[in-house]
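The following pair of complexes shares a single chain, chain A, combined with chain B in the former and chain C in the latter.
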Partner chain A sequence: MKRMLRTYGWELLLVVLIVLAGIWSSFLSPYFLDPVNLFSSAGFFVIFALMAFGLFPIILQGEIDISLASTLAVGSVLLGKLSQLGFPLAVALPIVLIICGILGAVNGLLVAVVGLPSLAVTLGTMGAYRGIAYLFAGDAGVTTIPPAYVSLGSSWIGIVPMTVVLAIAVGIVFAVLTTSTRFGRNSYAIGNSASASRLAGVSVAATRVAAYALAGVASGLAGYVWLAQYQSARGDNADGSILFVITAVVLGGVSIKGGSGRALGVALAILLLGTIQTGMKLANIPGTSQTLVIGALLVGSIGIPRIVQIVRGRIAAPRPAPKIDVDVRREEATQESKRTA
Partner chain B sequence: MSNPTAVTRRRLSLGGSTSALRVRFLGVVIFLAILVIAFSLLSPQFFTLGNGRSVLFTAAILAIAAAGQSLVVLTGNLDLSVGSIMGLTAYVVFDLAGKNAALQPFVVILALAIGALLGFINGVFVTVLQIPSIVATLGTLSIYRGFVSVYANAKEVTSGTLPPWMRALATQVWLGLPSYVWISAVIIAIVAVALTRLPWGRKIYAYGSNPKAARFYGLSSTRIVIGAYVGAGMIAAIAGLLLGAQVGNINSLLANGIELQVLAAVVIGGVSIWGGSGSVIGAAIGAVVLATINNGLVLLEVQEFYRLLIQGAAIIAAVWVDAIVQRRVIGSGTRRRIMEVES
Partner chain C sequence: MTNSDSSLRAAAIPRLRVSGVSKSFEAVHALRSVSFDLAPGEIHALVGENGAGKSTLVGMITGLLEPDAGSLELDGLPVRFRNPLDARAAGVAAVYQDPNLFPHLSIAENIFTGQYPKRSGFVNSASMREKARQLLKRLDFELDVDSLVAGLTVAESQYVEIARALSSDLRLLILDEPTSALTPGEASKLYEVVRRLKADGTTVVWISHRMEEVRILADTITVLRDGQHVQTSPSSELDDATMIKLMVGRSVTLEAVARQDALGPARLSVKGLSIPGIFDDITFDVHEGEIVGVAGLVGSGRSEIAQAVFGIGTHPTGSVTVDGKVVTPRSPSQMAALGVAYLPEDRDADGVISSMTIEANVALPSLKRLSRFGFMRQTRERELATTQRTALSIKGLVGDLVSSLSGGNRQKVALARWLATNPKVLLLDEPTHGIDVGTKAQVHDIMRDLARKERLAILMISSDLPEVLALSDRILVISRGRLVANIDIADANQENVLAAATSTRTGAA
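Let's turn to the complex of A and B:
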């Protein structure tokens, strides 16, 4: 029991917060706990969940990808165009997923093979992929979508929207990938120390490229959900949503430095953010004010344990500051990236 | 063994004795020159005095924000909250000056104080609480923006509350150039001198190029990083104030999402994202590059696609050059290799 508490402490904390947020939301509005409301609100967060699951292995490896929302836009616009050209969904969707996977792999190659810093690379491709989306979409975007393409957005299993089922399925796939495959084990190893992993015979570059390609595919899938939910696709789809996605992954307990975190945590973080946002929306709190709570949650989730640690350290016998460890690690990481460069 | 490394690298970036580092700065200038020549050939309206002014005017505020951002990037950290600091400062200052006319002469000092406070909070999160800078400033990006939104309560404020001289600034032309360009140049010059001449700036380079060596050298990482964030916050606050005065009526969304543009300017300007090398003048030129791309492509009436594509390609090209430079600098300094083995 104690071991389980220690291992899944973060996830338990998230569950407690979700319950608290749920209680608070149901005080704000009596309609919150209505199952139909709950599940239809959940549908709104599927797009973010898919991108967050895709981003998860990348952050696990100690890298970042801020181009995913642009990849989503390429996916949704391309799928919309293919639908207008008369392709059946069963042909168009795989094409789109492969292209989005290639876009992700390009990021991966620039990061892992050329050795460029991932933040800067994906800052560049964020613009470039957004440009590609605009190129396909034109000024008007795609608006008339055949019913076969959008049926996902309006089909339900009981009271659960199909898109939520899809998100859960993708979450399970990423959970299995990271816990039970060589790719997953290598991802944790690379996140802890890329140079040690290389010496141990792990193909660091291939694992990184795979993670980026997977994230591209997940974003393409999110593009499909976007098209099905909103029945239109434009070049500016999901613009600016990447910061929310990163917040979800980090809040899910995935260390931004890499090496630790679980898919379950990411899923719970999305659920928590979704609960808070839905509750605040019901209470008529505007979207930009909601960010105050989300930002505080993000900083607090990492900062408060640290404050507790500092206060404890002050009370207990003075020990050498633990700062140095972190700095040494940071230094190692810098040198590592410089060496791969 | 670690100290010589920091000193060597410091000298490299100071005197530019290694050609590789000079190449990077030259690279940005050459890229800008190519852009200007290409646009001049393609569009007759581009290479005119009026258009040059308009490019510099658009670049001015971005260049100020980029100067602040480079302080933080030089320490090996990031400040994603720059847009929120700009928006918060402008809104709060306008609002306070509107409610209390006695505050009007002190708007700039007020803005600097708010910027310093917000930057200090960022710095404390990154150093004392040891939250990775990308996460900490992603958090404060949301917190500061959320705060303005709550504070503003969906209202607007107008620059009419500002003292008249401040309002007039946005449209004034001094010695043939918009006043904002001069203000921007002065701020960048101050930051550049502070970085290269003052101990405060030298410590930022020393810490950024090798945090561990800086620690052994007796430098306080906490103080250096907080100092960089406070400086960045104050500069962002000024940028926000100027942007607000230019826009006129502002709501809680002023400068929303500008952080990635600012970061792009810094990266294109050759400031290493790994910290420790690059110059604030380079970052300012990076802002001019972005403004030139936007302006030229608008004149050519090309699609959004090309603008985003060229911008993206410029960022990747810049970090690619940076990576090659880093490799050459590290390759030439065997001392660094020795240090790596020892650590």
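Let's turn to the complex of A and C:
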């Protein structure tokens, strides 16, 4: 029990927060807990969930990709165009997923093979891919989508939207991928120490490129869901949603430095963020303030574990290794210069 | 040392009196009621295996840790430092094996960090540089005070640290394994410096794993074992065998064991291997069942040769043949697939992933073999870790984090993960660096077994000359990037290996 609490403590905390947020939301509106409303609200967050699951292995490896929402736009616009050219969905969707995978792999190659910092690379491709989406879509975007392409957005299994089922399936795929495959083992190792992993014979570059390509595919899939849900595609699709996506992954307990975290946590974090955002909508909180809350949650989810660590360090015995790190020295230096001054 | 000398010392006020000091980390007793005295102006060696409590003791003397019980007296006055800065102000300073300096500041700035000479609020850089120059001159170090620390060797960085300690009135200087990364020449220079400090009245605490060093330097030796004080005696009254016995509680010898079986075919052949500016035209073979020792100074290119063979860093010219097959080393994963394994020198940064479990570390290079269609077979993963843990007697459960282990056990994990891949060629870079005497002997036995029973070809790089002589069948000596000697063990001794390592001429013996 104690072991379970230690291992899954973060996930349990998220569950508690989800329950609290759910209670809060149901106070704001009696309809919140209505199952039909609950599931259709959940459908709104499927797009974010797909990108978050895709981003999860990248952050696990200690890197970042902020271009995913742009990749989504390329996917949705391209799929819309292909639909209008008369391609059947069974042909168009694989093409789009492959292209989005290639866009992801380009990020991966620049990061892992060329050795550029991932934040800068994906900031650049965030703009570039967005540009590609605008070029394809034109000013008007793509409307009048054939029914076969959008039926996903209006199919239900019982009261559960098909898109939610898709998100759960993708979540399970990423959970299995990270816990039970060679790719997953390599990802955790790389996130803990890329140089040591390389010396252990791990193909670091290949594993990284694979993670970026997978994230591209997941974003392409999110583009399909976008098209099916909104029955149109434009160059600015999902613009600005990367904040939500990164927050979901980090709030899910995936260390921003890499090396730890689980798909379950990411799924719970999406539920929590979804509940909070739905609640804020019910409370008529404007979108700008919602962004503020999500942003604060991101900083909080990075900061709180660190603060806990510092406090724990103060309470518990100091580290036995008598190494003075540079920061402490600098602190000491300033203290002393104050004293002498 | 005569008797009258010791009685005189006993009567004098000790420089530092450690009385009844204890410290626990959670359930682990790092130190239990340790008491001993350090006399003024002596070189006092502190010896003990890893985990004996040396670092904890140093941490408490310098104010980094707070003792649970006990007290310290500096020159007869009770002291309790709140932090290392406090200790430094009182003339107590420590220099650790990995220098802690600001790489992008100059030597002068590093020496005076936190205590810059000032004039009307501004750093007086002329006076700072002049004072730095004087300090370095006093220590007889030839360093340009304006050059950046980033470009210094480990030895030079240590000189800067010592100069830094000297910048206040120094009463007690603690050196924690100062020579572990130094060349013999640099080390003997450091001995001179320490002797000079002693002559000035500073008490020097010298922590080292090297017996011969303790022997030539120390006036007094204190042995710690398992957090307890075992003995403090004048070094003349303690011979090597006794000292080691006190440290480990049993006697350990470093004796060569003659090889019985004939060597097999060459497993690894290196011909004309070169990287411009690093090493040049290196040619050697390692045979099945053979341990080839590589001696040479740090920075001579020894490690780089092994790394090039393993596919790390710049690609060399020349040829590498593994098991009769010519290969171009491009990456560690490629070389690992061919049965070559490399144990890096920096165990904690490169050899293991200390934030992961023993199991995850052991399995990492074997993932391909442990998976089917990319899916891990978790029972086999656990079996592998358990088997290796038992085979190398690693202390700790397979689910424990590697960071919770001692240095010696970490090295065993680093070794275990490669042995689990059934390699044919092992490249070991300083396999026993910083490991306590007991574990070191275990690692030596493991290496002998691997070569003689498992018939592996082993290339062992080591700065520990007695180790090289005790284990190797043949010794390669590298000096300034060239293979200057290839000596059969029958003809090798400390003198000719060292002579070759410090030679400046080229050409093989």
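For this structure, a couple of remarks:
Please note the rule applied: the second predicted complex is superposed on the first by the 291 of 341 C-alpha atoms of A that agree within 3 Å, B and C clash if a C-alpha of one lies under 4 Å from a C-alpha of the other, contacts with A are read in each partner's own complex, and residues count from 1 in each chain.
In this section, a contact is a pair of C-beta atoms (placed from the backbone, for glycine too) under 8 Å apart; a residue touches a chain by one contact, two chains touch by 3 or more.
Bear in mind the structure is a predicted one, so any value in this text is a computation, not a measurement.
Once chain A of one complex is fitted onto chain A of the other, the partner contacts of A:Ala128 are limited to chain B, with no touch recorded for chain C.
Once chain A of one complex is fitted onto chain A of the other, the partner contacts of A:Ser41 are absent, as it touches neither chain B nor chain C. In the superposed model, more residues of chain A are touched by B than by the other of chain B and chain C. Contacts of A:Thr178 after superposition: neither chain B nor chain C is touched.
By the touch criterion stated above, A:Ser76 is placed in contact with neither chain B nor chain C. Touch criterion met: A:Ala189 reaches chain C, while chain B stays clear of it. In the superposition on chain A, the residues of chain A touched by chain B in one structure and by chain C in the other are 323-324, 326, 332, 334-335, 337, 341. Within the complex formed with chain B, the residues of chain A that make contact are 64, 66, 110, 114-117, 119-121, 123-132, 134-135, 235, 240, 243, 246-247, 250, 256-257, 286, 288-296, 298-299, 302-303, 306-307, 310, 323-324, 326-328, 330-332, 334-335, 337-339, 341. Taken together, the chain C residues at the contact with chain A in this complex read 24-26, 30, 55-56, 58-59, 62, 64-66, 83-85, 94, 96, 98, 100, 102, 113-116, 118, 121, 176, 310, 312, 331-333, 335-337, 342, 344, 349-353, 355-356, 360, 363-365, 367-368, 371, 374-376, 378, 417, 421.
Chain A meets chain C in the complex at residues 180-186, 188-189, 192-193, 195-203, 259, 316-318, 320-326, 329, 332-337, 340-341. For chain B in complex with chain A, the residues that touch the partner chain are 76, 78, 80, 125, 128-132, 134-136, 138-150, 154, 210-212, 215, 221, 252-253, 257, 260, 263-264, 267, 273-275, 303-309, 311-316, 318-320, 323, 326-327, 330, 340, 343.
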